[in-house]
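In the part that follows, the structures are each spelled out as structure tokens.
You will see subunit A twice below: alongside subunit B first, and alongside subunit C after that.
Now for the complex of A and B:
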């Protein structure tokens, strides 16, 4: 059964907080939004950039995850969790967590349990990309990261969270308090591994993303 | 940051031998998590391994130094 908690997103057009919901697990309704709203909007943005001759290296690195498959893979597994942020009857962000198979890489907590973010993505209209209109809503990513930290705390993992970041997201995770361990040669695409400590996780929950 | 609701929990009594309890306490201390969390982690991994095995996958341990692989036989 899906559980819902009230949260708030910042609507950029009105510069005000608007009511939203944090859901777990993700339902078919959010998958439908991804299929019918996210995918066309992503394609439109990428096509626009292509038509302007933007090289592949400068294209948005997000928007390629097949959320229907990602969520189907973890159906009925208690080792994984899924979350969505919804607002205005639309899905604004999605996240998949792994609670079982990854361990801390920070020296002082090496091999201790943590929550690993398999995937975290916000809707294309919420991307912060100066080449497009300003995002419709902000804070969806922060709410999802906050949920991951809280799941870590609830499982006695002390707020520790780890992930492999897409290169374009590294600076955002840095601002959230993550430590960058550099490129991980054992991971596909050599993506950098990043991890947040208990102290920085507490600071993030209190203060959010640093400016 | 808003706190979300958590799934309702159910309580059960668990009878363990002295040795089993010692192992549980040892893991709890080593991993710095409470005993309930140790058991939850064990259950998560157990179900994940079972699901993967049922899907036709094999479970291996790989030695970091030698890269030697040893299959865990689950029957």
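Now for the complex of A and C:
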């Protein structure tokens, strides 16, 4: 059964916080949104860039994951979890977590359990890309990362979270307190492996809270 | 399961996101690898065959009956029967995998990948699984009963009579 937590997203047009939901696990409704809303919006953006002769290296770095398959793969697995952020009856972000197969690479916690973010993606209309309109909502990615950290805490992994970051997101993960281990040759595309410590995970969850 | 974020968190987190688009996973140009090893594909089936074969050969190598293995590793006999008979509708639990891995001193995570509890991520592991299956296939002469069964099956497959 899907559980829902009330959260907020920042609506850029009104510069205000609007009510949203953090859901786990992802339901068919969110898959339908991905199929009928995300995919056409992504294709439209990619077609526009292609028509302008934009090279493949400068195309959007997301929008290619088949979320229906990604979620089907983990349906009967207790080792994985899925999350969605919804707002205004639309899916704004999706995430898949692996709680079993990855271990910490930070020296002081080496080989200890962590939550690994397999995939994290926000809806195409929430992308920050100067070639298109400003994003509709912000914070979907932050909420999903916050949920991953809280899942890590709930599982006694002490907030440790690891992931392979898309190039576009490295600076954001740095600002969130992740340690960048550099390009990982064992991972598709040599993407940088990044991990957040217990201390920095706590700091991330307490952002803005004065002590 | 409820997730809580303090009221002050939202504005501070929004400032951090600022000009970024959060994302984690592999790049679009590596989608071809996903197509090579999709879920439910021959890759997944191959790893399950390798897993079943590994359990059976390890047990026989230790001269253990299925019941012996069940007793020593504290696993139900039925679970081992389903694993060795390649019952793919049966998904072993992490606990079963963990006990088997401990019994033979192998890596539980790797074994879980082969068992279908986690996806086989490495092409090298897939290649190794294929090699393992191919090289461990029995070359023992058939027993009389096996030979007789094979001949009957052969006759059935070569017979044109559809009755």
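As a convention for this text, the second predicted complex is superposed on the first by the 207 of 211 C-alpha atoms of A that agree within 3 Å, B and C clash if a C-alpha of one lies under 4 Å from a C-alpha of the other, contacts with A are read in each partner's own complex, and residues count from 1 in each chain.
The definition used in the following text is that a contact is a pair of C-beta atoms (placed from the backbone, for glycine too) under 8 Å apart; a residue touches a chain by one contact, two chains touch by 3 or more.
From a predicted model like this one, the values you see are computed outputs, not experimental measurements.
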item	value
Clash or fit, subunit B versus subunit C on superposed subunit A	clash
Touched partner set for A:112, first subunit B, second subunit C, both or neither	first
Partner chain in contact with A:160 - subunit B first, subunit C second, else both or neither	neither
Contacts of A:45 with subunit B and subunit C, given as first, second, both or neither	neither
First, second, both or neither for A:205, with subunit B first and subunit C second	both
First, second, both or neither for A:59, with subunit B first and subunit C second	second
Dominant toucher of subunit A (residue count), subunit B or subunit C	C
Which superposed partner A:136 touches (first subunit B, second subunit C, both, neither)	neither
Contacts of A:24 with subunit B and subunit C, given as first, second, both or neither	both
Which of subunit B and subunit C A:120 touches, first, second, both or neither	second
Partner chain in contact with A:100 - subunit B first, subunit C second, else both or neither	both
Listed stretches 42-50, 60-68, 132-140 or 150-158 of subunit C, narrowed to the one that overlaps subunit B	42-50
Subunit B and subunit C footprints on subunit A, overlapping residues	3, 5, 7-8, 22, 24, 76-79, 100-101, 142-143, 146-147, 150, 154, 205-206, 208
Residues on subunit C engaged by subunit A in the complex (per definition of touch)	1-6, 8-14, 16-31, 33-34, 38-39, 91, 94, 109, 112-113, 117-119, 122
Contacting residues of subunit A [partner subunit C, same complex]	3, 5, 7-8, 10, 17, 22, 24, 56, 59-66, 69, 72-73, 76-79, 93, 98, 100-101, 117-122, 126-129, 135, 138-147, 150, 154, 163-169, 171-172, 175-176, 186-189, 191, 205-210
In the complex, subunit B residues that touch subunit A	1-7, 31-34, 36-37, 40-41, 43-45, 47-48, 51
Interface residues, subunit A side, partner subunit B - complex	3-8, 22, 24, 76-79, 99-101, 112-113, 142-143, 146-147, 150, 154-158, 204-206, 208
